[in-house]
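Okay, so subunit A shows up in both of these, paired with subunit B first and subunit C after.
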Partner chain A sequence: MNEPTSTIDVTAPPLASVRPRSTTVVAGMSDRAIAWLFITPTIALLLAINIFPLVWTIRMSFTNFKANLGWMAYKSVGIANYVDILTDSDIWIAMQTTARFVFWSILFEVLLGFGLALLLNRRFRGHSFWTTVILLPMMLSPAVVGNFWTFLFQPQIGLFNYVVSFFSGVDPASFSMIGDVNLAPWTIVLVDTWMWTPYVMLICLAGLRSIPDYIYEAAEVDRASAWRRFWSITFPMVSPFLMLAVLFRAIENFKMFDLVNLLTNGGPGSLTETVSITLKRAAFEKWQTGWSSALAIILFLAVFAAANIYVKVLNKVKQR
Partner chain B sequence: MRRLLTFATALTLAIFATTTLADQAGAQSKELTLCWAAWDPANALVELSKDFTAKTGTKMKFEFVPWTSYADRFLNELNSKSKLCDLIIGDSQWIGGAAENGHYIKLNEFFDKNGIKMTDFVEATVTGYSEWPKQTPNYWALPAMGDAVGWTYRKDWFAKPQLQKEFKDKYGRELAPPKSWDEFLQIAKFFQGRQIDGKKVYGAYIFTERGSEGITMGVTNVLYPFGFEYDNPKKAYQMDGFVNSPDAVKGLELYKELYKCCTAPGMTNAYMQEGLDAFKSGQVAMQMNWFAFFPGLYKEMGPERIGFFVNPSAKKRAVQLGGQGISVVSYSEHRDDALQYLKWFAQPEVQKKWWSLGGYSCLKAVVNDPGFKKSAPFAADFLDSMNMVKDFWAEPIYATLLLDMQKRIHDYVVADKGTAKQALDSLVKDWTKDFREAGKKL
Partner chain C sequence: MRAITTAHSVVEASPGAKSVAGVLVALYALVAITPLVWIVLTSIKTPSDSIAYPPKIVSPLSLEGYCNLFTIRSRQDSQYIANLPTASGYCEQRARDRNMVIAGSSKTPGRLLNSVIIGFGSTFLAVFLGTLAAYAFSRFKVPLKDDLLFFILSTRFMPPIAVAIPIYLMYRQLGMTDTHVGMILLYTAVNVSLAVWLLKGFIDEIPREYEEAALVDGYTRLQAFVKTVLPQAATGIAATAVFCLIFAWNEYAFAVLLTSGVAQTMPPFIPFIIGEGGQDWPAVAAGTTLFVIPIVAFTILLRRHLLRGITFGAVRK
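Moving on, here comes the complex of A and B:
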């Protein structure tokens, strides 16, 4: 049997300089052209459903356009819509309501989420089962959550009132969580916390799992207490993750609409009317399209600016 | 292969022929779509319209939408110039917008040609449902369903000797349906929290709904009798001093007192259906609701348990107008047939049947008939109410005006925000701004 032999053609060009035949000949297009071919649909889609509406909204925000009377001529009102919004006391009240909701819900979600993550970070029997159970609320649709909590809060037949009554002895029909002036704002915080704590927990758990074991081992060698280990290792190393969770939740809660709409619809009165509910009422009930476009732009800028500042702080924390 | 081709060709031809014939058949049979709210009177209209189909051969199709989305849905249909509805029974407040934006056909010429006289209909319903501008002979609808806010009470509870005695000892008068708002408040307080037939009951049910029109349609029944006016009767759109007059403030305070003292817990966002449920389940002694529901309620509860009374008075007698007129949508492709439906519907014998089926006729020949008052236990109260009705703004911007009032009233009554004077002052500011934006010179 002859051994296979190989010869090297020294006249052949180096491999690196040979371009694959298929790219140049089959398509007859350059790499750059192919790249454009692939990203053009995405860019077109982005322009159509993101950029164009944004530009259109900016344009509308300077007019008195009403979408329900779309065939009627509208005129430019300059910055009147913006001035009107920024000097409207009801808008500032709605902003405060939103800020309170964002603050309290995030506070509870972070405390509970971090606590749960610390618990689930330990190995115990049924660990996977409980992780799945805790994650269930965030997997539900907000529409479903809103509807079934509304049902639970019913004064006459609601399970929530019954449970409160069972432990406190108060008549279950004597209070209404979503109708009471003092309780309604907390109702939304409660439901949002119930639904989104698992999300914060998941991010914190990822942070906890990313801390290398050897750091804890070194701390143990130094006889550091559990409290010291938490403050010097766990918390600083998880805080970028926590801050990220806060950022995500803050953006989400700032534009919270579905839960509030389903639970209280901004009521009683306008006590739980967040800006997104105000926006919906102006845009789709009063049909003040120009005015509501201006409000949408203001909200967008507010969230954008706050998120930018926050990300800069987050980066500084990471660098430490 | 040839066989397969022959079969495919034959199949294609058969499908083509079938669809063409079906289309032709469809084109020959006339059909009208009537849009309205989904409630008891709508079922009565379905029954009534069978006579129209029998007489003309025109099939009737109905698009009924729940009250909660009725305005949103149909105003969107009209604003988008949709051809869905040939006929629409639109709310009284829509008339201004529908007329000015060309959604409804103007009916003057048609009425004249067919001998339909508006003087044959109850005056308040013509003004409320048909005219735009108000008090001018420009008609955009035929009064179809008369309605106003009325009251029901638990006749069996009021008749209990022990309660009768206790009430007389306390207030020095008989326990009977209230005639004034002061009497109403006393009775509501009397029943509040009482145990009747082993169950805790509450004084009254009133409208508190926030999202659409509920609390406005409720509070106006106290505001009007107390002296609230939408604007200066001598100078249109001058609202300061009329909307927020001292009398109007008193009326609003009374509605809040009523809400605080005498309603069931949790009734913070309740409208028609919640009222019916509360009354039927024996939760409340007195219920505010639209007359339109009373035939069904009476049928369900029986003469021993339910009684009716008109809206209590204060400085004067007045009540919130409900009800609707029927209009032909200008975008309809079957306008002539739709007009024929109106012609048929306006006939006295059809109107008589309409009342007997559970609809509220607005035709004088029906309601002024000597036997009308005794034709149903609520008929006399309905007639009385129709003589003192007052409606909300019917301007093209009525929806904005309504939402402003919903917010200010709900904020004060349910959410405990500010005072009655502040709520009505804010309302004047809101409405002034709305009218200015709509181009009115104030």
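Moving on, here comes the complex of A and C:
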């Protein structure tokens, strides 16, 4: 009854008869019915919780709606919100703050993560134990991470300030990693690097392990130097994996809210105000719902474009 | 992967290179783990030891932080304290030492319970829906399959703040603000994308021959799914469930924006523990420690599947 094909075709158009051609003749449902029965609930949930709100956001983004004033008293303002956002210098400053945060955190994560992966790939005794230890930070809640780093960064009593003063002789009460205008941006980079270096490391390690031994053996026959082997074998072979890690971290850090909110909440002043913090302030503190909906849509479009590229790289890595 | 034992292999690092690598990695790991160890140590210090300068690495064991985490205390004059019957337990005694009496239970147990309810509820739903959808995507030719799969994954990339604005308004209309059901549905929607992608990877690896044999034996497709696919996907389903649970347990952005009391989970609550007793860092550290213990256990349990989890099932080793 079933052809030994690997896929059961449920897309085939019904012939003249009512029953689809490829329906498995069993009691109960056809394969096509089962496929839809299994997929529909998930799609329905995503439509209700993600897409319906998204459509609603698009509608609100063309109005001057303020959520704290209720449903009356709002009117359509056309594309005024979008014009306002794209010409707002504060938004561009927030974008630059975000871009700097993304750039530096990812640079450090790649250098440290790739470095650690190269070392771990030497498979010394106990390497899997140390891998698990190193992975722990990325499994923690940003709430917990933000909170205990705040404790470590306390001037005078914080462990971080003590360690810095121990090695440099600076008075531990003389600087505040969170309150200082020069240090606060680096504080966020530091904590993000601490938390997410393991992520880059784990993916790079998978890339390194996917390189077949015979390629290195061939290079050895050709007497290629270690430097040469790295740049013409290791790096090119790992780069799709590295790309995967970098893209994902870039998307995540671009929309970063939790760590920044917990560590500095955008301060001091608005020095570390990333776009997500701007959005939170506009939406949940100033209640400019229409305006923040427009900003949310702009953010979403940027993330969606990046996610598209990410899935392409993901499929490329998958084929290997 | 085959083992290479020759002394001058290019693939196997030399003993010297291995030792150097081992030392460097261990050094990084120890530095990276210090903040976590410090929090656990802080949770068993007295409040004054926790803010001592220079920092105390070893100090007399005190569980006062854990007492303060779970209780509300009120200050009384020493006359009143002296007239009370003997303290009944460890926490009561610690409170008496500071001229206080335990006035009741804090909000912590409720917040922990919320985390458990919302975590398990959303995990169960996400894994249930995800298993069904993943099976359909894995075994049947679904129209627009790639587009649907991309759509499902793309929902996970939505910025939480951007989603929170309309969700906040929608839940307000439906009376679901700050409710368990609202948070469970929201976390299910976020997790189901991961569940579908991860489980599709696991189910793809199960040979079709088992089901086909079952079908030939007269089972219906549904019976074949339940009797042959589900048991073989059990490890994958368990790993997926743990990933979903970790996400829901750790989630902060939605929780802080959409819950305030009834359905508030631990993550938005932890920073406020300090507000209940001034500079009570041991209590904060105690809350953090209790909150993190399950995550550490899960990480050890999951370590072989972590790579799949963070790449949506694409990278398997």
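One rule holds for everything that comes next: the second predicted complex is superposed on the first by the 273 of 320 C-alpha atoms of A that agree within 3 Å, B and C clash if a C-alpha of one lies under 4 Å from a C-alpha of the other, contacts with A are read in each partner's own complex, and residues count from 1 in each chain.
As a convention for this text, contacts are C-beta pairs under 8 Å (C-beta built on N, C-alpha and C of every residue); 3 or more make two chains touch, one makes a residue touch a chain.
These figures come from a predicted structure and were not determined experimentally.
On the shared subunit subunit A, the superposed partners subunit B and subunit C are arranged side by side without overlap.
Applying the stated contact rule after C-alpha superposition, one finds that A:Glu217 touches subunit C and leaves subunit B untouched.
In the superposed model, A:Leu69 lies in contact with subunit B only, and not with subunit C. In the superposition on chain A, A:Leu247 makes contact with neither subunit B nor subunit C.
With both structures placed on the common chain, the touch criterion links A:Val164 to neither subunit B nor subunit C.
Contacts of A:Ala80 after superposition on the shared chain: neither subunit B nor subunit C is touched. Contact with neither subunit B nor subunit C is seen for A:Ile233 once the two complexes are overlaid on the shared chain. In the superposed model, more residues of subunit A are touched by C than by the other of subunit B and subunit C. Of the two partner chains placed by superposition, only subunit B is touched by A:Ser174; subunit C is not.
In the superposition on chain A, contact of A:Pro155 is made with subunit B only, not with subunit C. Between subunit B and subunit C, the smallest C-alpha to C-alpha distance in the superposed model amounts to 8 Å. Touching of subunit A by both subunit B and subunit C, each in its own complex, is seen for residues 156.
Residues of subunit A that touch subunit B in their complex: 64, 68-71, 154-156, 173-176, 178-181, 265-271, 281, 285-288. Taken in their complex, subunit A has these residues touching subunit C: 1-2, 4, 6-11, 24, 26-29, 31-32, 34-39, 41-43, 45-46, 48-54, 56-57, 60, 67, 112, 116, 119-120, 122-128, 130-137, 139-144, 146-152, 156-157, 159, 162, 172, 194, 197, 199, 202-203, 206, 209-210, 213, 216-217, 219-220, 229, 241, 244, 248, 251, 255, 257-258, 261-262, 276, 279-280, 283-284, 289, 292-293, 296-297, 299-300, 303-304, 306-308, 310-311, 314-315, 317-318. Note for the complex: subunit B touches subunit A at residues 72, 75-76, 79, 81, 101, 210-211, 264-269, 399-400, 403, 407, 410-417, 437.
Residues of subunit C that touch subunit A in their complex: 1-2, 4, 10-13, 17-19, 21-22, 24-26, 28-29, 32-36, 38-39, 42, 51-55, 129-130, 132-133, 135-137, 139-143, 148, 150-155, 157-170, 185-186, 188-189, 192-193, 196, 208, 212, 215-216, 219-222, 246, 249-253, 256-257, 266-268, 270-271, 281, 284-285, 288, 291-292, 295-296, 298-300, 303, 306-307, 310-312, 314-315, 317.
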